[in-house]
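Across the two complexes that follow, chain A remains constant while its partner is chain B and subsequently chain C.
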Partner chain A sequence: MNAIILSALLGVVMMFSGIVIKSKHAIVSTALVCLVILLLGNLCDTYGCFSISMDLHEMLAFNKFGQFFNTIAITATLLYVLLSGKDIVKVGNYPAEYFALIFFVLCGVSILSAFNNLLMMFLGIEILSIPLYILTGSDKKNLKSNEASLKYFLMGAFSTGLMLMGIALLYGATGSFGIEAPVARQLSNGVQQRAPILEVIGLIFVFVSLLFKVSAAPFHFWTPDVYDGAPSVFTSFMATIVKAAGFIAFIHLFEGRADEMESIWKMLLVLTIVATLLIGNVTAVFQQSVKRMLAYSSIAQAGFMLFALYSRNDMAKEGILLYAVAYSIATVGIFAILIKMKDYTFDGYNGLAKTQPLLAAANTVFLLSLAGIPLTAGFFAKYWMLASVMKAGGSSAIWLIVIAVIFAAVSVYYYFRVIQAMYFKEGNAETTEEISQGFKIGLLIMSAIIIILGVFPDALLQWFYF
Partner chain B sequence: MNITHILFWFLSALALVSAMMVVVSKNPIHSILWLILVFFAISGHYILLNAQFLAIVNLIVYAGAIMVLFLFVVMLMNLNKETEQQKNVWMKLTGVIAGGCFLVSTCNVIFNAQSVSRELAGKTALMKEGSIGLIGTLGKALFSNYVIPFEISSVLFLSAMVGAVVIGKKD
Partner chain C sequence: MPIQYYIYLALALFSIGIIGVLVRRNAIIVFMCIELMLNAVNLLLVAFSKMHHGVAYATDKASTVGIDGQLFVFFIMVVAAAEVSVGLAIIVMLYRNTHSVDVNFLNRLKN
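On to the complex of A and B.
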């Protein structure tokens, strides 16, 4: 409960700080202080020192997994603001409001990690999405940003409509908004009765709308345009923390409900995973702009994260946490560097290793992690996912793993194109501004996290079980 | 035949006739005006079912806000004979299928309800009994079981308001 209440309150604080604080630099510092407070509040909650409690009426159910995910999301946001805070305030005239919206998104994230009721899930998803529609359109003078915002809003509203329809059908079939499958259906001999068709259709609707939110194929069409059109700083936030939160909600809901759909579930999910991997990876190969390539690569990474839904065991839970950390940190880092570049195409990176050796080195670490090369966190994230599928078994498991490995190999191509441009091509990559010392230190810290997790992935997971 | 019976049959006929007119009218403005009448008739039904609050909300939200929005949109689009889109056979067919599915499922619900509870059969109104549509019941549910979603939705509205200011304010 701490995280939900604090993030909402701190959002209000950030909102009003715009009246008092005029300097943009001071607003970034305020946001950082607020994020640290939020992080401490959430840690207190996790380890039971201080937590606001109230009568929850079974609307929310807090567990270690969700709180640990909150910690990850808040820490990733902290790193993100540390690295790109200066670029956030540069987007438009309302720096304080942008941070307020980011805090509201975090409120949505902490609801999604703890919901115990479809109503709360809906509220969480909406609190997560609405600030994003606005952040996407925050660059008001840029036509592409406006278009992306409108597109995102319309598509998002449509998928929300589908979700509400699904929830209504579920309510009609079971008479409750709870996320657990109804107990009454269990027969005396322990065999489950079949779920009524209304409930299955409702679950499929919710499934589809959640696929939309995490941008999995075939509901990914908004992703490249929105990620490309939005100001790069906010794309970075959307593609990482928000997406990971979507997956947490997804897993949380379907952990108990997936079995009700019986064979339809496996079929739908396997088709989605294969389509997502195929479309994400193959389209990314043809991109000329690094920003657009990252948008497609985020679709491809979503395909990998969907494996956690296939296996639904303890290893998958560990895996999704590891994946959230590895993917979020690497992507935030790559975007932070991308924002500093003058030219967003692959050619814009030509010769970066000569002009900015440290930026190029850090970028290489992040890209290697996304590609899943050993000794980086990305390798273990992918390993955990595939291992969990193997553990879960099933007739299609082995084929899924083969397909996943093939597409991981395809992804190496487009990630390495950036590395190739930076190190092996002649050119004079230009940055828009002088790279500050603090930015470099931030990049070093993030690369260090990636490599440490790549060598000792247990460091994170043991902390989870601590 | 008492007054509630007469009201019930009158409102039902009104609702059905105006609903037909919504579809039949050539002029979209007339369609909308007929639709407003449908909402009024439905609100009347709510009152007959002892759901005053629902009736008022239906009037305010649907007949008030949404229909005005509809009217504005239709007037802004400036529809006339030339811009009328061509309706092909496939569109008509899909319309018939979609409408037919809805009809079948609605009939199913009605006949099921009658077979489940005999006392519902033949009833037209529920005066002075049942409290599901009263504002007191809603308020109690909202501030006891559903207090957390109720409070948290304020965050949603706040973020939407911040967004409206950020997007709408002149730089």
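On to the complex of A and C.
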């Protein structure tokens, strides 16, 4: 509960701090302080030393998994503001508002990690999305940013409509907005009773709209345009923390409800996973711009995260946490470096290793992690996902794993193109500004986290259990 | 009236909304179609709420079953209003820069 209340309050505080504080530097510092307060508040909640509680009528249910995910999301945001704070204030004239919107997004994230009712899920997704429409269009004079925000808005509102239709049908069939399947139907004489058709259609609507939100194929088409058009700093936020939150909500809902769709969901989900991996990876190969490549790579990574939905066991839950950390930190790092580059194409990275050796080294670690090379966090994240599928079993498990590994190999091609450009091509990669000492230290910390998690993935999971 | 009529009406409105989103090119009309989708859902929720209430009312006169469906409608209205304010702001911003609200224009981002 702390995280929800604090993030909403601190968002308002940030909004008004723009009136009092005029210096852009001071606003970044205020945001960092607010984020630390939020993180501490959430940790207090997790370990039970101080938590606000009230009668919620079972609309929200807090558990360790959700609170731990909040910690991950807030920490990732903290790292993101530390690295890219200076670039956030550069986007427009009203920097305090951007941070306020980021806090409101975090409020949505913490609702999504704790909802126990479809109403709360709907509110969480909307609180998460509406600030993002604004952030996408924050570069007001830039046509690309305008287009991206309009497209994101229309797609987002459309998928909200689908979700609401699904919720309405579910309500019609069951008479409640709870996320668990109705008890009466769960076991009658040991045989699962068939769910009414209204309910199955409703669930399909809700799942399709969630697939929209996490940008899984065939509902991914808005992603590259939006990620490409949005200001790079905000793309970084959208592609990491927000996407991971979408998955947490998806898993939460799927756990209680997937059985009602019997065998249909498995077939649909397998098709979605394969299509997402195929489209994400194959299209990323042909991109010329690193930013656009990262957009497609985020679709491909979503394909891997969907494995957690397929397996639905404890290992999948641990895996999605590990994946959220590995993917968020690596992508935030890559984007932080991308923002500093003058030229966003692959050629723009030529010879970066000579001009900025530390940036190139850190970027290499992040890219290796995304590709899933051992000794980085990305390897164990992918390993956990595939192992959970193996554990869940089923006729298609082996084939899914084979396909996933093949596409992981494809992904190595386009991630290594950046590494190749940095180290083995002649060129003079230019950065837009002098790289500050603090930025370099931030990158070092993030690379360290990735490598430590790559060697001892248990460190994170142990922390989760105790 | 039987519940089917409400379901058919809501589904018809919802389908008109979806077709409008897919076919029309004017951003404001696309936007209106999305609103139509949301309002179709509102109608359906109220109808279902009344249906569930009717069933419970037959046995217990003081039953509050079905009230949550109507509550949901209020939340949808509020969220739709928030979305409208952001959406219209985005459309106005686009209009200022391009003097057009045509969605076809969005294809420029493709490459």
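Just so it is clear, the second predicted complex is superposed on the first by the 463 of 466 C-alpha atoms of A that agree within 3 Å, B and C clash if a C-alpha of one lies under 4 Å from a C-alpha of the other, contacts with A are read in each partner's own complex, and residues count from 1 in each chain.
Just so we're on the same page, contacts are C-beta pairs under 8 Å (C-beta built on N, C-alpha and C of every residue); 3 or more make two chains touch, one makes a residue touch a chain.
Since the structure is predicted, the reported quantities are computational estimates derived from the model, not experimental observations.
Peer 1: What is the contact status of A:K151 with respect to chain B (first) and chain C (second): first, second, both, or neither?
Peer 2: Once the two structures are laid over each other on A, A:K151 reaches chain C alone.
Peer 1: After the superposition on A, what does A:S396 contact: first (chain B), second (chain C), both or neither?
Peer 2: After superposing on A, A:S396 lies clear of both chain B and chain C.
Peer 1: If you stack the two complexes on chain A, which partner ends up touching A:D225: first (chain B), second (chain C), both, or neither?
Peer 2: It touches chain C, and chain B stays clear.
Peer 1: Quick check on the superposed pair: does A:L164 touch chain B, chain C, both, or neither? Answer first, second, both or neither.
Peer 2: second
Peer 1: After superposition on the shared chain, which partner residues are touched by A:I130: those of chain B (first), chain C (second), both, or neither?
Peer 2: So A:I130 meets both chain B and chain C here.
Peer 1: Kindly classify A:N313 by the partners it touches after superposition: chain B alone (first), chain C alone (second), both, or neither?
Peer 2: A:N313: touches no partner chain.
Peer 1: Output check: A:S176 vs chain B and chain C. Expected answer is one of first, second, both, neither. What do you get?
Peer 2: Only chain C is touched by A:S176; chain B is not.
Peer 1: Mind working out whether A:T355 is in touch with chain B, chain C, both or neither, as first, second, both or neither?
Peer 2: Neither partner.
Peer 1: Is A:L119 touching anything from chain B or chain C once the two structures are fitted on A? First, second, both or neither.
Peer 2: Both partners, chain B and chain C.
Peer 1: Intersection of chain A residues contacting chain B with those contacting chain C?
Peer 2: 119, 123, 126, 130, 133-134, 137, 140-141, 149
Peer 1: Over in the complex, which chain B residues touch chain A? Could you list them?
Peer 2: Listed in rising order, the residues of chain B that touch chain A are 144-149, 152-153, 155-156, 158-160, 162-163, 165-167, 169, 171.
Peer 1: If you look only at chain A, which of its residues touch chain C in the complex?
Peer 2: Its residues touching chain C are 119, 122-123, 126, 130, 133-134, 137, 140-141, 143-144, 146-151, 153-154, 157-158, 160-161, 164-165, 167-169, 171-172, 175-177, 225, 228-229.
Peer 1: Could you pull out which chain C residues touch chain A in their complex?
Peer 2: Touching chain A: residues 3, 7, 10, 14, 17-18, 21, 27, 30-31, 34, 37-38, 40-41, 44-45, 48-49, 51-52, 65-66, 68-69, 71-72, 75-76, 79, 82-83, 86-87, 89-91, 93-94, 97-98, 103, 105-106, 108-110 of chain C.
Peer 1: Where on chain A is chain B touching in the complex?
Peer 2: Those in contact with chain B are residues 4, 8, 11-12, 15, 54, 56-57, 59-60, 92-94, 97-98, 100-101, 104, 107, 111, 117, 119-120, 123, 126-127, 130-131, 133-134, 137-138, 140-141, 149.
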